[in-house]
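One chain, subunit A, appears in both complexes that follow, with subunit B as partner in the first and subunit C in the second.
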Partner chain A sequence: MENLVTIRPELLGLATVELEALSPHFAVLGGAVLALVLSVVRWLQPKWSVFLVSVATALLGATLSFPGLSGAALAVFNGMMVVDPYSSFFNLIFLLSALITLLISFRYLDSEKLQHPEYYVLVLFSALGMMLMASARELVVLFIALETMSLSVYSLVSFRRADRRANEAAMKYFILGGAASAIMLYGVALVYGATGTTHIQAILERLASRGAGESVLFSVGAWLIVAGFLFKVASVPFHMWMPDVYEGAPVPITGFMTTGLKAAAFAAFVRVFLSLGYGKGLSEAVETNLHHILWVCAVMTMVVGNVIALTQTNLKRILAYSSIAHTGYLMVGLIAAPRGTEGYSSLLVYLAAYAAMNLGAFIVLTLLAGKGDAGLNLHDLSGISKKNPVLAFSMAVFLFSMAGVPPTAGFVAKYLLFYSAVQAGEVPLVIIAVLCSAISVYYYLRVLVYMYMRDPIAGATSARVPVWSVMALASMVIVTLQVGLLPSPLVEMARKAVAGL
Partner chain B sequence: MAWFESHLLSTLVFLPLLWAVAGLVIPGKFRKTHAVWALLGSFLVFAVSLRLYGAFDAGGAEFQLAERAEWLPSLGIAYLLGMDGISLWLLVLTTFLTPLVILGSFSAIQERTKEYYFLLLFLETGMLGALVALDVFLFYVFWEAMLIPMYFLIGIWGGKDRVYAAMKFFLYTVVGSLLMLVAIFYLAYAHKVQLGAYSTAIVDLYRVNVPGGGWLSVQSILFLAFALAFAIKVPLFPVHTWLPDAHVQAPTAGSVILAGVLLKMGGYGFIRFAFPLFPEAVVLYQPVFLGLGAVAIVYGAWVAMVQPDIKKLVAYSSVSHMGFVILGLFSLNSIAAAGSVYQMLNHGVSTGALFLMVGMIYERRHTRMISDFGGITKVMPIFAIIFMIVTLSSIALPGTNGFVGEFLILLGTWKTSPWAAAAAGTGVIFGAVYMLWMFQRVMFGPVTNPENEKLRDLSGRELAVLAPLVVAIFFMGIYPNFFFEKMEPSIQRFLERAQVKSTETAIADLGRN
Partner chain C sequence: MLSVSPVFFYLFAGLAIACSLLVVFKKNPVSSAFSLVLVFFAFAGIYALLDAHLIAAIQILVYAGAVMVLFVFVIMLLNADAPSLDIARTSAALKVAILAGCLAMLAFFVVAFKRMSPPAPLGPYTAEAVEAAGGNTRVISQLMFSEYVLPFELTSVLLLAAIVAVVAIAMRNAKKPGSAGKEA
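Let's turn to the complex of A and B:
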């Protein structure tokens, strides 16, 4: 009986310090399992109990992640995972995104008559998968984490079961995602064949000592792994799934995907990039060829994302294509990071800023969405500013931030990202990037045109805004402006996070 | 009070914004209260700027009243403010025009007054900030932040095609600024490489050695990136096309601020950034810009001549007048440079007054077409007198402010390039033609349109708006030395910087006291 009540670390094969380091993961895992159990305890009103437990779990996990920001790196599970400031930084992004998603989902699910407790559990499990992704130092562990996240998200995308678009989106996402996972796994196998290991550190050592980097096996493996990731971050030419999935998924989940999922994919992308020795001059295939491939992908991603977004009239799709465009900017940072002096820190700042502004925008979308996610066409937004000035103002802040206009988080993030790319000598890439973001200004402002410069359409009622959402919205507005005005704390945090990479 | 004395510039910059935020608690239905609140705030800001005038040491060429706080130390970005004799007058111009446009908006703006006055004061913070920022990052923040309120002012309270105009205005400016941003990155990184530390303070960047020499050397390309951003703002031919749309569609206050202050930001940018940072490229590209300036003067005047709409005519006259500014700056001598700075102030006063008066008559008749008027002198004599004075100032009659600026510019330009000066001289003549011809068609002759017979003359409030401008027109025309003595050393300093790459020690640590 005693053993069941107190967790004894040695039974898990973990020292106390390791357990401490992994406490956010265990907290989320425990919370998710507890929520799962509660969802069948009918007399406790699962709707409330599961919701509250999930929210508390996300909060607890985030709180427990804070100490890790300034701690030392600690390898756990025989070095297959690592808990370091880098993973803690990302844990915060994931868990805060999850928290916001949970908060805004409650009323949304009520009004859509989808109030099933599994929803909250799935959000927590996908957050757990993301956390594991950021911590993985082993390609197989990474893959398992990726699948944990993806499978939860596949189900969440299909949550509006009765909606045909949702079903189509989920099916498309599942099949394409499965194919991408298979490609990535095949790449892992080939890299294993070339180097004899799947451990990130060990791969690097083998590359340095044996010159395995010049083998065809390794090159093909590396490219396949990268292709898998390009799918996950929705880079052109692997972006086709994204707009449909974003449109089909419930609005809060779309928000969660654009922030948590994207951040997780980039978190793992960076680790894998390091494992392939990018920027270290170990392999011609990675150093030059992969650079060129990514360069072309980045340019295509920025151009395609921004240009297609210009023609969209549905807010969800506009934000979907804008999300593709932002992936392009992030890839600029990814390509340049090893050669700039700031390294990956600007990438982290960008991901954090993007998470804040994009989540904010999706909070607004959730509040505006009508039955079946209707009412999200630009036309439906006409004159919102008159009826709901607070909502319109918040949206304006987020849109200016996405467009990279000061004084917002988006500007600071873009500044740092492009600055580090210039330092890395990628001037042409940066020029393309800034021109693309000039294009993006048009479609972001177009949303504002509808909100502020048109008369309200008849019949539209002002949205009822529940207190949860107000809290979530206010916090995102504050974060977006605060990072824009006083970026130093976030930048320092990101620098610490990447110092040990 | 001690804090106030040592943070004069911060107070000046952020007072309008804080005042505007405080004003948000007033419920939206009290329309007049918002207007009065904003007016009080803008007067207060003007008072602070007068204190600034008192605190400014006329003999000093260096940046004064500097303030510094660390902002993003890991990249050498600091909150660094300071001013010299050139920014002093532009600051005063800004704080001088803002109360006037607020007072001028009392009757014109009846809808969403809360947002309107909030945006106007927010805009004032952006403009003042851009004029005193001595860190390029900070400058860029203010420079871009100005766009947001202007975009809404045009887009919400503008005319029929307001959305198109607002969008065009924003996009034009953003494209230019973003390319400048890349150049800023390059410069900041060059500073790090050459001098070993991150800094984005302007005085530090002045010392960066940028390889120049050819038409496509690094220095030339960086110069062009900066010049494009500023040329769009000025706006210089051929990137001026956003201006007529924005000016015509904007509400009166928007047009006045746009013409009076925002366009000056372009000229100011050339003075503060493009010239001292890239002196070789400036000399290399001097003929190009002299040519463009001269073309802008003549082209602007020609196009203005055929406009049927008074407001559009004034808008094109802006293109012409701002061409003088570019011409003077690129002449690279002290007479023309002083003339250019003066011309910027003049243009703010006289074009601001013109836009205000066009707004007043538009409020009465809801048309701005020249052909709808005629014989206005008979029904609105006071209006006609003031309009005459402003018109004469715009065509640079001796005794008015316009004369001083244009004369100095032509004099200075003659030394550098007689051809450009000659071409610009014809612009002065065309300027007189289009302004006087418009005046004649609107004001003289019989009252042909019966709707014009019952027009009210200026109200007391409108007189209060115009009187300070009329006083300024004469004062600046008769006693220009009052202005020159404060800016002379700064202009000399600017020319020194623009001619040789600065080797002086950095004063980026000014304000660390």
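Let's turn to the complex of A and C:
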């Protein structure tokens, strides 16, 4: 029996190259702590100083993530974390959505009379949690990252303290989210019991070499972990929290949740999914049974999301149910990925495109929202095109993109996703997905009908649009159309990102 | 030691289950909280039977000690005496659904774990290897500061985020909503 080596000082230092690779994480952590300190320095006007520091942090983090897109994978901290093109790709999604969220929040917080500094700090902390989730290669690190993200977001959801719906939403989200985390943690413990390790790579190796995948312990653990993730991505039957939370949260945070949170959950989901041996034929419980379970979940998610969205009249709830529906499409990609030639890259393209168009839609919503998030019913949008043609046009672009109409990012993303699913032989699933997205056109276009074909309601004044929001809005419109017309740079980026998985 | 442990295991397990049920069914939150303390003690006993003495000690110090004191403080400060889920007033259908759910989960785990052979430890941390390296406590503390230093450090980030989150929620209670935004 060999002796255990427990003291390994060499693990405690970081080489220069590792520090460089981790620079986005350090930047965001440092920025968050600096912002926290600044929020108590009264004479510096915390409202402004913290806002500027947070915006600069998100920008800096995104800039530092760029080199990672084409770099080689580098495992740090004894392989617990990896910095590779995959994590850099997601870092960009997280930090850019955090940036946009910060930019549109300033005026929103002012008009809602909410306090500023902690809000920005919490956005940065949740972005840090997301970045760690995308880089984690060890289940304990993954769990801690997940909780860092979730705790910050729970608090952000409850930010409109005076509002009853916000309180209800935050409470619901906190309790259900806590339960889902506990379920996932129990699954992690069982998988550790079955394989003797929590390292994602090592789990896969032990599954392959020792046949641990056949044990009941492993199957139950794997299912529980997947159930935890299904909650985080809000797949049916774990979707009940989502519409209420989306409605109760401040509008910019809802936008952040639909993009950052969803992308983070999928980023970690894919890594763990691979580690459980999906698509490798190692374990029947994962290969066939889990496939069938996910298949049913994907179909239910698409149908329930789209059908319930038809009956909604509040824009936030429409987008919440549409977000559930999009989770369904993403799950189609997840199921099909190991057997298609494109692998997980179509999933990444979809997440990036979805982030752009959804953030855009929420910028418009933030600008339209009245006191206490009123004025977001379909009726309130009547004739917006006459008073505010720019907003109406941008919203139209985002809605067409969500419906998947060319030449927008949504069309390209959906096309790639469904194409890879067809290649993988999931034809019935794709047929259902296409039919569901045909249903979705109805409720997206209904918003357009209200905006363009109704008379303006009397008394409503056109809101003053701040320059930050215009910049954010314009960039999202450009990204949505640009990816729609020239998708190859994004597709190439995504291909590179998944190459090393 | 192995000959006594089954008796003690059933003793502690029975205590844990009975007290957990009390946590749920007691109407008074303070009695629920104290039943939870007993649950934690029973767990500590089970951990000790498994030779995990460090975890047993931590269980008592952290959970039965620190966490429970906080629970009781919160209950007393909030003066929360209204039962939130009164089991006597829930509808019959809900009762049946809850019971069926519990039984289904129990059946699932019984079937799942009956079919399972006890897992052989696959990792390097077998009982003998840990014993040779100086026992559980030494190995855990050494691992925590070398191999598992990343999760250890990240936990402090998590706690910092949690503190900010809690302060952000609590602060608005102290002032009138609105005044905070202008001052800050």
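A few remarks follow.
Just so we're on the same page, the second predicted complex is superposed on the first by the 488 of 501 C-alpha atoms of A that agree within 3 Å, B and C clash if a C-alpha of one lies under 4 Å from a C-alpha of the other, contacts with A are read in each partner's own complex, and residues count from 1 in each chain.
In this text, contacts are C-beta pairs under 8 Å (C-beta built on N, C-alpha and C of every residue); 3 or more make two chains touch, one makes a residue touch a chain.
All of these numbers come straight from a predicted model, not from anything done at the bench.
In the three-chain model built by superposing on subunit A, subunit B and subunit C fit together without any clash. After overlaying the two complexes on the shared chain, residue contacts for A:A234 are found with neither subunit B nor subunit C. Within the superposed three-chain arrangement, the count of touched residues of subunit A is higher for C, of the candidates subunit B and subunit C.
By the touch criterion defined above, A:I431 lies against subunit B but remains apart from subunit C after alignment on the C-alpha atoms of chain A.
Legend: residue contacts after superposition of the two complexes on their common chain; A:S488 is shown touching subunit B, with no touch to subunit C.
In the superposed pair of complexes, A:V422 makes contact with subunit B only, with no contact to subunit C. By the document's definition of touching, neither partner reaches A:L319: not subunit B, not subunit C. Once chain A of one complex is fitted onto chain A of the other, the partner contacts of A:I253 are absent, as it touches neither subunit B nor subunit C. In the superposition on chain A, contact of A:A298 is made with neither subunit B nor subunit C. In the superposed model, subunit B and subunit C sit 150 degrees apart as seen from the Cα centre of subunit A, a figure rounded to the nearest 10.
For the pair subunit B and subunit C, the minimum alpha-carbon spacing after aligning on chain A is 39 Å. On subunit A, the patch touched by subunit B and the patch touched by subunit C do not overlap at any residue.
By the touch rule above, subunit A contacts subunit B in their complex via residues 341, 386, 400, 405-407, 411, 415-416, 418-419, 422-423, 427, 430-431, 434-435, 437-438, 441-442, 445-446, 448-449, 452-453, 486-488, 491-492, 495. By the touch rule above, subunit B contacts subunit A in their complex via residues 70-75, 112, 137, 140-142, 144-145, 147-148, 151-152, 155-156, 162-163, 166-167, 170-171, 174-175, 178-179, 181-182, 185-186, 188-189, 192. Touching subunit C in their complex are the following residues of subunit A: 1-4, 6-9, 11-12, 29, 33, 36, 39, 46-47, 77-78, 80-81, 109-110, 113-119, 121-122, 125-126, 128-129, 132, 138, 140-141, 144-145, 147-148, 151-152, 154-155, 158-159, 161-162, 193-197, 206, 210, 212, 215-217, 219-220. Per the touch definition, subunit C reaches subunit A in the complex via residues 109, 112-113, 115-117, 119, 121-126, 128-130, 132-133, 138-139, 142-143, 145-151, 154-155, 157-158, 160-162, 164-169, 171-173, 177-178, 180-182, 184.
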